Structure formats: C-alpha cells, structure tokens
Amino acid sequence: MYDAMDLVPNKIINCLDKGFVEVVDVMPRLLPEGQTCDYAICQMARLSYQHGTKTVNEDKGLIRYLMRCQHTSPFESIEIKLNVKMPIFVSRQFCRHRTSSLNEVSARYSVMKDEFYLPKPEDLRAQSKSNKQGSEGTIPESDAEMYSNAIQQQCRDSYKWYTNMLEAGVTREQARMILPLNLYTQFYWKQNLHNMLHLLALRMDAHAQYEIRVYANAIFDIVKHLAPWTIEAFDDYNILRNAIKITSLEKDAFRNYTAENAVTLPQIDSQNKRERSEWRQKATELGFTVPE
Amino acid sequence: MYDAMDLVPNKIINCLDKGFVEVVDVMPRLLPEGQTCDYAICQMARLSYQHGTKTVNEDKGLIRYLMRCQHTSPFESIEIKLNVKMPIFVSRQFCRHRTSSLNEVSARYSVMKDEFYLPKPEDLRAQSKSNKQGSEGTIPESDAEMYSNAIQQQCRDSYKWYTNMLEAGVTREQARMILPLNLYTQFYWKQNLHNMLHLLALRMDAHAQYEIRVYANAIFDIVKHLAPWTIEAFDDYNILRNAIKITSLEKDAFRNYTAENAVTLPQIDSQNKRERSEWRQKATELGFTVPE
Amino acid sequence: MYDAMDLVPNKIINCLDKGFVEVVDVMPRLLPEGQTCDYAICQMARLSYQHGTKTVNEDKGLIRYLMRCQHTSPFESIEIKLNVKMPIFVSRQFCRHRTSSLNEVSARYSVMKDEFYLPKPEDLRAQSKSNKQGSEGTIPESDAEMYSNAIQQQCRDSYKWYTNMLEAGVTREQARMILPLNLYTQFYWKQNLHNMLHLLALRMDAHAQYEIRVYANAIFDIVKHLAPWTIEAFDDYNILRNAIKITSLEKDAFRNYTAENAVTLPQIDSQNKRERSEWRQKATELGFTVPE
Amino acid sequence: MYDAMDLVPNKIINCLDKGFVEVVDVMPRLLPEGQTCDYAICQMARLSYQHGTKTVNEDKGLIRYLMRCQHTSPFESIEIKLNVKMPIFVSRQFCRHRTSSLNEVSARYSVMKDEFYLPKPEDLRAQSKSNKQGSEGTIPESDAEMYSNAIQQQCRDSYKWYTNMLEAGVTREQARMILPLNLYTQFYWKQNLHNMLHLLALRMDAHAQYEIRVYANAIFDIVKHLAPWTIEAFDDYNILRNAIKITSLEKDAFRNYTAENAVTLPQIDSQNKRERSEWRQKATELGFTVPE
C-alpha cells in the first residue's frame, strides 16, 4: 500500500495573482502498489457485477465503458478535498455547484486580510460583441493602465475604511460590506469525482470566465494524476471536452449527405442562426464544410 | 389564468397489469392563457438576463438554447408530483434516482393488498446472450405457460402465508418479508423537471428493463403535454434520445474520411470491440458505413 | 378550488433599504375550499398509512405529530418560489443552503444597477465582546455618521469606476469585481418547505446576522399564511424556535434535583464555561435557577 | 502518520443470520499520531475561524460546540465507505436516506445467491397493539415454529422456481421477481458523517424496526472508534440519543411548577393524548411526575 497523495507532483498550484488550489486529502488514500484512485471506481462497479479484481486492461476498459454509458455512480466513490483561495466574484460562480461540502473563512468571525485580485493592465479584457456574457481581446493600453490602477486604488481605499471601522468598534459582519468582490476568500471544498468532473466540464469550457477557468484547470491538473484513466475517458467522451454532440437536426443533415458533394454537408432544417452556426462549426471539426 | 392540469388529456396512465402513473399536481399550476409550463423556465432564465416577457418564438428558442447548452437550472423551476403504483423490483430501480421527494405506502403500518405483477406467458422474455443485463426474444411457449402459472401460484402461496401470519398475530413488519418482489407498492413522487428528464432519458432507453420503460414512457406522455417545448428540445438534443455523441476517437475517424471513399468511414483507433461496434452503429445512423 | 396565493396578504415584503422578498408561486397552488397548503402534507403522509381524507382536527394533529417526531418527508410536498433582492454579503450566507433551485441575475450578462445597501448611522452596530461572530449595541454617534457616509461614498466611487470601465469597453465580467459586497443582487429561490424551515430556523435565530434575519422573518411572514399548522408546530417543537433541548448532562442535573431546594437546579457535570452558561439560561427559561 | 482503519477493532460485524457491515475505507485515512478522524472536523471548522491546530482539550470542546449548536458542515468532512449485506426489505428502509453514494449487486446482471433472512421461531415478534408500525412481545411457540418453517419453505420454493426459470432461459431481470423480500442483497454505501449520524439517530431509535436497528448499531460500533469525540457529543446532544426536547407546551408546564408541589409537574395545555403521554414520559426521565 502507498499514499495516493504521492501521485500528485504539485500539491499546491498558484492561481491568478494571490490564489491557489491545494489538494488536502483524497479517498481512497491508501492504494495497492501499481494502482491509482481509479481503483476505487472499479471496486465499486464490480460489486454490481459480482466480480473480483481484474487485469489492468479490463479495469481501464471498464472505466471507459462506465464513462461512455453514463454509469455515473461508481465515480462517486472517489472523494477529493481541496483548500482553495479565490476572489469572491469567482467563488460565487464556483459555489453554484451545490454538491460539495464547503467550509469557508468567516468574515463575521475573522478580520479579512488585505488581499485582492488585482489584474495587471494586460489582464483586462474587452467585452465580447457577439457573446453577451463573454470577453474577447484587450482594451487600449492607456485605458488598461488607468483602470488597473483604479482597481488597486479602490481596493486600498476600501480596505482603509474597513480597518478604520473595525478600529472604531464597528462589528466585523457589517464592516466587510464595503470590501469589493475581488477580495480573496478561502475555503475547503470536498466533492466526489462525479460531481467534480461536472464542475470541471462546465468551468474549463471556453464559455466560462477566464478567472474561473484558471482554477478549473488547476484542479484538473491535480485530478489527472489521481485518476488518470477516468480523466482520459472524460476527455474522450465528454461533449464539453473532446467529444461532439450531433443533434437530431444535424443527424438529418448528415443523412442527406452524398459523397458526390465531396465533404459538403447541407444546413440543418432550422432558421435559428445560432444553431446553424454551431452546426457549421461542428462540421468543420469533423472535416466537412457547410454552406452559409 | 387557467389550470395547467387541463393540458394533460389522460391524468392516469395504466402500466403493466395493475399499476399506473397519475399526475397529481404541477408547479406552475396557474398559467397565463396560451402558455404551458415551459413558461416558468423562461421566467427563471430571463432573470439572469434581466429581460421581461418575450415573443412566443423567442421563448421557444430560449428553451432550446438552454437545453442545448446544458444551462440546466431553469428546468428546475417546474415541479411535478405523481402518484405511482409499481412492482417493488421496478420501484427499487426507480428509487435509485435520489433527487425526488417520496412518500410510500408503509408495510409496517398497513396490510399489503393481494396485488402482484403477473406476467402473461407471452410477457416472459429470454436472457440476452450478448447483453448480460438485458433480454431478447421469448422462451418456448410451453415453458412460458408453466412459469407464468408458477409465478402466480407462488404469489398466491406467499400471500396466504402472509395472511395466516397476520391473523396469528405476527407483526406486519416481519410478515411482509415473505412477499415476493413483484408485489405492487404505491408512492407519491415529486421531482423537478431537470431531474425528471434525467430519469426519463435513462429509463426510456433501450438498455433499461422493459418493466421500468413502461413507467418512464407513461411519465413522458404526461410531461410532453405540460412542457412541450422542453420535451421537443430534450428529444432533439439529448444523446439518449435522438442526438448522438461523437467521441474523440470517432472525431478522428471522421477527419480521416475522404469523399473518394464514398460513404465509408474508417474504424476508430481502438481495439475495444464494444467501442468499435458502437461506432459502426452510430455511423450507420448518420448514413455512413464502417468496415468490420 | 381556490388560489393558494390568496392566503398571503402581502406578497411583497420590503427588506433593508432597497431589498424585498416576493412570493411568486407555491405548490399546491389550487386548494379545496377551507384548506391551506398544509393539505398537501397530510395527503403525502396519509398515503403511507393508506387512509383517506380526515377531519380538520385529525389533520392538524397529524401535522403536529409529523413535526414532533421528525417525520420530515411529507413537508417536502410543499414547494415555494420566491423572488428575492438582497445585498451580496447576505446572499452569500443565504446560498450556503444548498437545497434550493436558484437563478440569479448575471453580472457577466447584465450591467448591475446602482443599488447598494446603505446602512443609516443608527443601523451601524458594535462588535460583540463575548461573541466573536456577533454584534451588540451601537457605536458613538459621530463615528456612525462618518462611516455611514464613507460607505455611501465608497459605493458611489466604485460604481463610477465600474461605469467608466464599461464605457471604455472593459468586459462586464471583470469590471464588476470593483463593486463592494453591499451591492444588491436578485434571484429566484425555489425550495421545499422542509428545507425552507431549516433555513428559517437557522437564519431567524438570534445568532444570525441582523441583515439576514430581516429576510428570514419576511419569508416566515409569507409561509405562516401558506401553511399555518406547520408553522405553529414548527414554533412549538423546533429547538431554535420555542422548544428547548435538554442535553444528557442537563438531564443528569435535573435528576439530582430535589424539591427541597425550591427551584434551584445543580450545575452540570462539566467545566465547560459556555455549556454551563447555556444550562443556566435554559433553566431560567424553565423557571428554575442554577448557581454560578 | 498512521492508518485510521487501525482504530477499528472489528472491521466486519455480523448482522442477523447471514448479513454484515464491513468498513472498507474512511476519509481522512492517514492521521497524525494521537489523532482520530475527529481531527478532520476540527481542521474544517478552524478554517472558518482562521486558527491553526489547538490543544486536545480545545479540539474536543470545539467538536462538542459544533454538535450542540448544529454547525453541521464540518461533520461532512469525514467520509465512510461500508460494504453491507442485508435483506431487501431492510435495504428499502435504508435507501430512503438519499445522501449516500451507493452501488448494489445487480439482479439483472448476476444470479442471486440462495441467501434469505430466516428468522428463528423465537425471532418472530407480535404486532404491537398501541403502535401501528411496531411490534412487541412474541407469538405462541407452536405458531412461531410453524411460521418460521413456512418462511423457510417459501424461500426454498421460490428459489427453486427462480433457478428453474433461469435454466429454461428466462431473463434474470424477470425471474428475480418471484424472490421474496427477505432475500439478501449487497451494496457499497459511502456517506459523510453528518448524514450518517442522521441515519443512525433515526435507525437506532426504539421506533425503528428491529432488523434495521441491528445494522445501525453495527455501524455505530464502527463509527465510535473512528470519531469518538463526535460520537460522545452525538450521544449527549441528539434528542434521539440521550438528550430530550422540551416543547413550547412543556416549557409552559415547567413554568407553572412550584416547588411546593414536590416533583409534580402540571399536564400540558393540550388534549392530544399522545402528546400528553410523551410529556409524562419525558418528565419521568427528568425525575418528575405528571398526573394522568
């Protein structure tokens, strides 16, 4: 038996300017030689089938089968406990995932530290024109400089008032209301792997905000060492990773394909602009083209 | 405003020989004229975007967008309450879905009725050779006759002993242990639509046992009247309904396609027999062929 | 049948300076004449016992019995949907309750409005000396005046920079990080009554922060009209409401009581100061005294 | 560091005639010398307060404080994985607890073994007259003998028909419907300690069926070694363990007490027979008497 934590080369991964993700514990923690945490998934799954330990090859195949067919419960057998430090506006997105056990620093109980996420000028992004909840490109350098400074100055001012209020005896639970959303908070996050993969799929996705993707990627870097076969299957089969979903409408388009058209697929039977554009994008990924 | 229950033509749907699914209540219950329960999903989702009511077309498009992109939380805004009577061996599969509110007849408190699921000879299926947890085809007629009778006789005997024990004063909570798994039980099942769709996807699927599919189909028949746009999107976009998932390996196979090969796609780069056969099946559905 | 919403005299209750709680929908929505939503609880519970409708008296007794004995699942049969506007630092406490369906205004998608919780000078509280996460009393008037103004000024400045950044093209998802935690947010909150009562017990309690108690009290004011028998039982039997828990140690103290000591109960067999003081407090509530 | 499993002297505890509970894994698994799993609870809780490791005394006090005040989230930091073999009618009660990760033997995939819970004559209990869902006392010896034999015979017959059907090619998923509810099943059960304590409180209680109490007691025997301070606090403070809840009505009765009445407390202001009898029982436990 050996310690599963030894599988993870970097137990603390820095995120943004002052944050981090640290793996604190994992279940299963003690593993038979030559195994990873994937082991617990097979153990769980095999009970259903009343079989004992199998060859390495069969274990990997089993995990891939479970992932492919959405037999999700065995992935709940792995539990991962993280220590996370992230800005509050990021943690608010993170905590929308309701399936974890969470303990956070209390700003009622403790004085918050003077730690804010301060994007450098080059970290400031421009509003996306096409995606109302996204960003793309950068903003003019001089503006970026000014706003980066302004953020810093506002944080300094807020924190000064926060400190003043505390010194004057204002209760911590009220004084903290003046602190901005880029204040760093810290929490333990304990979650089973099934739910964690769901979080990772959504938060590593290109549509997620950059600042949360940094954290999702850091967690991914930890999990891929703990459960490598699961992560390989996740990457191969999850439609937010490297798989693609062909909708019913797109299936019909495929069926209307004839090789005479070389690699040109017809458009889907829908006037929805977004859906048509999604189809064109998917077809391209598969090596086909779709007319405008 | 009108009563959403009016949307459902058959509020009770019979299942198997003595079971049923009955819709008891739904949230939202009172709807603006011309709306269905889909309405509550749009209401929920639009808050995120700070928009008011929209045209019918935009509402349908919004629901399709939410379903396509896995923005699942607005689908939690619909709540459906069912009254279900099903055999215990089916209810044990059903109750693996942990996301509902459930109240069941108590065999500690009440005397169970003499109601068992008694398959007719032609309802008995043969064990599938290829699928260890499936069935295919039928069994010889004379055997079927015998076993159908045997099931009936066993139920009769068990129930007689059950009654005898109760009359002799044996406690109900123990006497019931003798009753077989095809005994009917009854329960209220209240669940939000997001979780109910997950249940339906898994339990309407061809891999689910026939007896539970009967119930899933009955629920589907109710839900499609309550939230028709959601169900249309579900059918179009869910990979257990009419959509298809193209895995990373299958994507690579597509990319190696050239129109010179007519509609023949290469095999995936894997020796896994099951995965290769799944690929051939999907390719066929898309109008292509894959060599053995 | 009549509309359950008619039970609630004030569907919108204002909270703090700009917030509110609004009841949007409830399940069951259509009720038999003379019934309240308590009705659905009895319906759920009676299935377990295979009984039909009962007299009003028996229904009330059943609800009290279920509450007293922690038979909690029938209370899940009521679902309440709220529209809530509250400051972010309050919503972060609120959202620790993971058992609801939630849809919140997105600061990635929408420009946040210039609405902050601005406590008046007399609303600022002093830090409690005895309770590290509480407050008690007020702070000197001149300080209160100054800090109330400072909070307002900081919000004004933050919002100005927020607007400037948006105008300069900075993406909304980043610009919002400068806004302070007293910014108002808005969300739909849909939760079953069992889980909502748990939230209310914890958040109406004297140990909860004043600002969240305001919201919990507002929700309580709504729920008590929808399910009056449940609320009466909740008040009578919940130890965070009007019931008291006598611990094992305190039971032993009771057993050592003799009427000769008038109404003086012995201390518990523990040196824990907090626990001893809790005992003295409880004894007082029961009409006894406990020596220092 | 040492292995937390070493804390448990008996890792497998036999239950009923053929069942068992086995502890398979626990989180935290590797502990600092001198610590138990209680350690993880303190670690979780202290983050909220931003404090480091404390003295043993303070740790125990902290755990007692968290339990007393219903600060439940730190108890979610311990995860326990069990391997359980129990009769199906017991497992159906057990699985009403929806907060665990569960993998069960599949009777679609595997042939079920010839293992039934066969109560000996002296294990058969009589129906309680006062409690519709309970049992008390025994039944006449000759009846007990007869019914114990009948149960055994019915199981033998059912299993014979089950085997016959399988041999005739009937699919496993249907053939199993003939097996009675005392058939043994087996499953992995992984649950955090907070939820497990809730299960234990309800299922160790005198109102729970004897057959499930056997399992709850076995789990308790395991957990008390893993997290001894938590279990001590649980026993002291949980009202289904050794604490008592004094309802609002009972508080009023206490307040009307005068020492002149020796230790006689008045009845509560309610005509509810059950509630009056509960009060008399509680008063007795506290060393008082209540008139009929």
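Should a chain be cited, it is by its letter among A, B, C and D, assigned in written order, with residues numbered from 1 in that chain.
Everything below uses one rule, namely that contacts are C-beta pairs under 8 Å (C-beta built on N, C-alpha and C of every residue); 3 or more make two chains touch, one makes a residue touch a chain.
These numbers were taken from a predicted model, which means no experiment stands behind them.
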item	value
Least step count from chain B to chain D, where 1 means the two chains touch	1
Partner chains that chain A and chain B have in common	C, D
Most widely separated chain from chain A, with each centre as the mean of CA atoms	D
Chain D against chain A, contact positions shared by both copies (same if over half, else different)	same
Chain A and chain C, separation of their C-alpha mean positions in angstrom	32
Rounded Å distance, chain B centre to chain C centre (Cα mean)	37
Whole-Å gap between the CA centroids of chain C and chain D	30
Junction residues of chain A - those touching two or more other chains	49, 102, 106, 109, 132
Chain A contact footprint on chain B (complex, rising order)	49, 61, 64-65, 68-70, 132, 202, 207, 235-237, 239-249, 251, 254-259, 261-263, 272, 274-275, 278, 285-288
Residues of chain C that touch chain B when the two form their complex	3, 25-30, 40, 43-45, 47-50, 73-74, 76-77, 79, 81, 83, 101-106, 109-110, 186-188, 190, 192
Residues of chain A touching chain C in the complex	87-89, 92, 95-96, 98-99, 102, 106-109, 117, 119, 124-128, 132-135, 139-140, 143, 147, 150-151, 154, 157-158, 161, 164-166, 168-174, 176-183, 209, 211
